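Heads up, there are several structures right after this.
Two complexes come next, and they have one chain in common, subunit A, joined by subunit B in the first and subunit C in the second.
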Partner chain A sequence: MRNEPAGHQLVAPISRRGLLRSTLGGAVGAAVAGRSVSAADAVKPPRKLLLLFLSGGASQLETFDPKPDSKYGGPFRPIATAIPGIQVGELLPHTARILDRLAVIRSVNTGETSHFRGHYLLQSGRKVPGYPVLGSVMAQLLERPGDELPGYVTMRRQNPQAYTDVGDAGFLGPRYEGVMIIDGKPPANIRRPESVDVAAVTTRDRIRRLTNKRFLERRSPRSIQSYTESYQKADALMRRREVFDLEQESAADRARYGDHHFGRNCLLARRLLEAGVHCVKVAHHDWDAHFENFHWQRQRCLEFDRTFVTLMDDFRDRGLLDETLVVIMGEMGRTPRINYYGGRDHWGDAWSMAFAGCGIKPGVVLGKTNELGTEVTDGAVDAGDLFHTILAAMGLDAKGNHQVGGRDNPIGDPASSVIQEVLA
Partner chain B sequence: MVVAEPKLDPAATRRLREFPHETPLMSCVVDPTGRWCFAGGRSRRVYVTDLDSGVTRSLEDHESWVVTATRWSSPGLPVRSPAAELAPPPPPQPRDVTQPVAGPSRPVTGSTQESLVITGDLVGRLICWETLGEWPSVRWSIETGHGTLRTAAVSRDGKCVATGGGDGVLRLWSTADGTAIRELTGHTCPVFSTAFHPDGTHLLSGDRGDQKIRQWDYAAGKSVREFDAKDLSNYKGGTDINYGGVRDLAFTPDGAMLFCCGRDSYARPGLVLQFDWETGQQVRKQVSTFTNSIFHHLVFHPQGFYVTSGVGAQTGEIWFWTPEKDEKLASLKVSGPAYGMDLHPDGRHILVAQMGGPRTYGDQGMVGLYEMPLAK
Partner chain C sequence: MEISSLAPSTTQQCRVLVAALLLVGAVPHAGQAGTPFPEQIDRIIDAAHLRDGVRPAGVADDAEFLRRVYLDLAGVVPTAVQADAFCGDSAEGKRRRLVDRLLAAPTFSLQMSRVFDAMLVERRVATIKSYDFKPAEWQDWLATAFRGNMSWDRLAAAMLQSDGTSDTEAAAARFYLVRDVEPHLLARDIGRLFLGRDLQCAQCHDDPRIKTYRQADYYGLYAFVSRLKHFRDDKKKLNFVTEKANGDVSFTSAFSGAMGETNPRLPGGEMIADPPVAKGKEYSVKPEKGQMGIPTYSRRLQLAQRLPRKQTTGFSRNIANRLWALMLGRGLVHPLDMHHPDNPPSHPELLKSLTERFEQTGFDIRGLLREIALTRAYQRSSRLPDEVDPKRPPDPSEFAVAALRPLTAEQMGWSVLQVTGRLPSRIERFDRKLREAADKQKTGNTPEKAEETDTQKAGNSERRPDDRNWQAHRQAYRELARELSSLLTVFSRLPGQPDNGFQPSVDQALFLLNSEQMVKFTKDFPLLDRLTKLADQPDELATRLYLSVLSRRPAVEERQEVARLLEGTENRDQRREVIRRITWGLLVSAEFRLNH
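For the complex of A and B:
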């Protein structure tokens, strides 16, 4: 099924100069804010995080929590899965086949029905603004000396952009902002222009290093180190620009991941995670089906289902799943009630998420909703709990602290806790 | 066969009665005899209403929402009109009782006449009903096996029914027994509308995504040409969904003109496009003033006008047009969003499948029976 519009404009949102500027500012910012969790406190296992963010809000009734006998159940049928007695919507036939490799939570209750606040809440585990999102937290906590690539890369389509870009690093500063890939295009100006001579670049770099060395002999090294670090990162990004080049993947892989944005971004996510990026977020647009939800969800599920299972199989075969946590999330679910346009609207009171990979107990289905799907009746979890759980699955402790301006600031909301039932 | 003489006055159309149901409705068709109204919507039920008595039976033969319905009969079938007043009800029985249908009913002994209704649902169940018996009964019921069904139409000779849906493939099935005849591939998007040309040779199909109308020589299994209905497109790059689509297709009785309907933009009014059959060119675009609407159905009347039904912001309307003018002939607000519509075989009545209930979220339905009076 074709889903790609002809003539879609490809726009690259970030330039090498922009990256240099942001990482330089970030380095200074981080120095001011402190480096949060000390090296001794921070556990840094070689784990990676892949967020598959169903942006706009997928319908839980058409995916992980079907209600076939409810008047709000919709037209599609439930199907059996690899977990005996558990059904999912028939729009996810491939996912159903591997459901025993996932942990599903059917009792997410965030109460949030705003795209903007939902994006932030689900990624930061907080309602209060200013906290870093998961990708930025990972970029910081998992950072290692010698990291060349950005710790956090986030990918989305060109539109809609408003509610997907929610501030990212917060008080951690721009150093840990996600590098954004839009429409699959690598950061702009990542390639040396033909007109710039290699010898001239080499000479200029030698002069720069000598100048820095002489300058450092008589001054505090911090600002120079920050500059040097940022320069090295930009330089590394240029040298390793091939990680953004999907053409280097086989035609077979590109075909099986799917010739659409989500498929291409998932394949790129694999490249980036294998290359050393700590967290990749792939935003799958757009699930916000206020109008003709059942046509819409079907289109989205057609893309998601096959690509997701391809990714799961591929990650398993490559051994990536042992060290990668895969999270299927969104900013909200959709109303059980169906509006006059055949749409489902925003719903935060009872919806679903799923996890797979490292740190997760597979084959678990946690929580229940009532007959109509309007309320959680068992095992309610909120965004703070999910944040703690994701960190725990990554081998990190959300009860630890960031150090902001010399003061401790809890990494996760202290009022929330880990959802033990889904952890290995 | 739609009959309508003498001259009607569509602008004076009025509501005769409504048949309420517990399901928001999305489709309806009157059987060729004019007695039974089949309606379906957001449930697995088909509501069959006896237009003489108002008695309704709900039949649970489908597996999902019943969103498409069509009919066919052999020539010369007598047609009855709905009575001005409902007949005294038969012995009491609860409304909407689910009752299994007995074995196939057959026409009067010795008759070769046929009267069929075909209904389709969103998981691919297609059912052929016979309507000449005491109550309609199932001739055959098949799982088409390729996902959602959105549209069905019966060929002029009654030998096959064409279906289209989510996978974009047209499929032809025998009306005799439901066996598959052939597939027609070419659409790259879901198919939402089908119609057979009066010449008996060609099938038309409209999609949602490219807004292509494809013309097929269906017996030969060949695509003949395309009509570009891009004015019915409303692609939103951000959502990667086309809000538009070719929602319905219809011909003038002589086949000289093709009509299609839908809308051209989110939050814009519904509209109709006209194509010249011979040249394939779009010759007129008729835009309604029905705000935030989409026209889901269109039927052409033998007296030279046509009717569209649509859904607006929690409202429904039916519009009357003539092909020669950009402006409407008349419009009528109905009780709720009007997803389904059919012209009664007598040519004087219109049935509209609607939704009703609380603001924003419909949880009930009704079939409205409307009458076009004679012109003064």
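For the complex of A and C:
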């Protein structure tokens, strides 16, 4: 158990590597201040977002909001955590040890019990369709002129199909669509085909440039700027394709993060965030336990707990946590009532999520549910509030507007607001 | 007045005339007797230029006009032969004749089916576990409708009416089905796509930004479709649109908590009360397991009857504005689904006369596109005049210079197949097959019998080559569509989103540079064979190549570059490889990527 308040991390000495990198990041940031970031902010390293999405819906009762003495409590016992007086489920022993570095919300009420709509709702903060998800919002708001890598990378598996890809860049358009890593594979077409040799590429590029130059006679230079940029970015991505290659990481790190989808993807997320990607989403699959809930929650927690704490320690040691917001959430929680098959079903009325990293007040546990866990009794928040809060922790204002295609679109739902209690 | 022959002095005279009219306060009024409609359009735009001190671009040259009008009305760039023929034609009136030819060609119906598919389906994919109508059937329905020049009110009514059971218009139900028959989605998209009003925010509260978008308006539309649901017929393996006989709509503001109730109502219109229906008589076909219910009174049919009429606020105006945007790259009202008093049209008088013209001609889409294609505004160059600083181009809402528009995914894909020669040769092959089949049938008949048939079908005989041409096109496009699927995926905009202009993405660049599909497209193609034979005539080769890919002749330095690249080659294979690389280089240029 750690004695010092987690807030001290912000001023704690960071590793040499972390220092070097953040200094560089600062210099780049200052040179190319983005439009959504004020000049003062630009001097600081830009913030990053890591979204750990518990796909299918984790059970709040087996994780952050145990109800040991209720008829719905299930077989697992609660354990003490680094926050005095606060317990979590025994399936999260490692997380319990560092809970004082987290802000936990136990009073999420979204009312949504569809996977599809839940995925969209929690990532966009909206019920009505067409809005961009968090990753795309970050890609747009944090975009800087010198960016080489995509702003948003999202990871999932191919089969069985999971519901993580509903929603996307919405009205922000394809430029801010997440680059997809499926089953750990790098994005499509990132490598020059063998049948095309270097001489062919040279001729092709020469003709392209020559034609573009002629095309710009008596036309606005801005008219094809984004087109030529897309080729520069393609070049950069091809040149830097090793950022998608986990083999570049040490065997020790790969072992520490865990030899499973989630572990590998979390390590890849570290690699990408360090390389300059603004937002990474990692889906952790198979929480949808309609049958044998207790078996499945244990299975899932086993993977999640160890990897998550490895990541937290690692990010701290590298100085990455000072500038990275880590969000743990899914599209819903699970019913307090245990069904005939020993499962818990879809549930949106009273469930939990957690934050860590930049912009967050660590050690806070917000909200309460009743004894059975069937209702929020204090501090209810909805998906719109979570969206506003995530943006606030990132130093961004969700009350602002996206300006796209000649119209203003509020970034966050105007009817929702920031949850001040969990913010630093 | 023929535009290609319009001398600068004539343009100048027009401006002077407009200026004079402005001075005496007699603004030329649309509908002025005797003035051709395209000229009426131009007068309004010219007057605005004079007022705003904007210097418009000159007339597009033949090559520029040709490529643009092909892309807009045929959906592909012209072939080198077509480009050569048009640019070499010196007869008067050739632009008008080309427009008319393109509007009558099979490619027009096919192009419109893609344009309206993109506009109405917006790349959505149904998520209901279902048997949807195949996109191909729907596009086929649209293409057939455009071939018969179906009017917009009839098209709209067909879509809003179809429940998927009709023999001829079943596919029109795709408008509902692709949206999972989800009432909120339907209400929003009917508002946006048919009335030009995006009431999305009004779903949860009165729109705080747009005073005229009331929550009650949203729910008035919603009430027309709130009783709809999809019905799955497992035997037929299809989904249908079914409707309940009851269900009322009430709503609460997320801001004020105020509540309301509503019956169906079009924005600005009267509420439509349900007629009394005797108890037990609610359904003409009772909904049962495996049996789709049909209510005695259908709100959906009310919608189909009442919405597509000129009396409905925004109905004609929305489509007139969309057709203008289709040709000019920007709506008079922009964005297209934001018609409201705080966002007035750039040229109110022009939108009014386009709308009236469209209504007077019975919602004739082809007719309105023709008038627009014949305007000077459409036929302007996308290059700025010398006096204008390219860094400070005029505002797009002035229509003073032709817009640079990205090719749609379909224009891009089909144009790649056109320039490489695969599309024309496939059409030709089908045409030959159909002709041979027809000839065979003819020779099989006795001479007298054949004569008899011909006389009997005198009325149809003229149309038969046209039918064959249509069939050949349809089959060629259908067959080649498979090869385009990966390209279409990469270049399509996102589902359910309007087009936000030119937004080239990295994955598109990566696709064009590295994908297996592009390797395949550029490996062997008819154009490559033809050009390789010209390797000892580099000038001629360069001309054919640039005409094929960019629909224009190469500039001097481009011809030199081609010659230089060919110089170092020693054999046929090497020359072939060089031509392949140049072709690929042209395909990834901004000039190819844009409709300019």
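Methods note: the second predicted complex is superposed on the first by the 367 of 424 C-alpha atoms of A that agree within 3 Å, B and C clash if a C-alpha of one lies under 4 Å from a C-alpha of the other, contacts with A are read in each partner's own complex, and residues count from 1 in each chain.
Here is the rule we go by: a contact is a pair of C-beta atoms (placed from the backbone, for glycine too) under 8 Å apart; a residue touches a chain by one contact, two chains touch by 3 or more.
None of the values given here were measured: they were computed from a predicted structure.
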Under the superposition described at the top, does placing subunit B and subunit C together on subunit A give a clash or a fit?
fit
Quick one: classify A:Arg47 as touching subunit B (first), subunit C (second), both or neither.
neither
Can you tell me whether subunit B or subunit C touches more residues on subunit A?
C
Tell me which partner A:His346 touches in the superposition: subunit B (first), subunit C (second), both or neither.
neither
Using the superposition on chain A described above, determine whether A:Pro150 touches subunit B (first), subunit C (second), both, or neither.
second
Is A:Phe294 contacted by the first partner subunit B, the second partner subunit C, both or neither?
first
Looking at the overlay, what does A:Ile338 touch: subunit B (first), subunit C (second), both, or neither?
first
Can A:His278 be said to touch subunit B (first), subunit C (second), both, or neither?
neither
Least Cα-Cα separation in the three-chain superposition, subunit B to subunit C, whole Å, stands at 18
Does any part of subunit A touch subunit B in one structure and subunit C in the other, and if so which residues?
none
Parts of subunit A lying in touch with subunit B, wherever the complex brings them together
1-3, 5, 8, 56, 71, 74-77, 90, 157-160, 261, 285-286, 288-289, 291, 294-296, 298-299, 335, 337-341
Residues of subunit C defined as touching subunit A within the complex:
127, 184-185, 188, 200, 203-205, 208-209, 254-255, 334-335, 338, 382-386, 390-391, 393, 404, 493-494, 496-498, 500-511, 513-516, 519, 523, 550, 555, 557-558, 561, 565, 577-578, 580-582, 584-586, 588-594, 596
Spell out the residues on subunit A that touch subunit C in their complex, using ranges where they run on.
116, 127-130, 150, 168-171, 173-175, 177, 179, 187-193, 195-196, 200-201, 203-208, 210-212, 214-224, 226-231, 233-234, 237-238, 404-408, 414-415
Residue positions on subunit B within touch of subunit A in the complex are 24, 42-43, 63-65, 121-123, 147-148, 166-168, 188-190, 208-209, 235, 237-241, 243, 266, 311, 314, 336-337, 355, 360-363
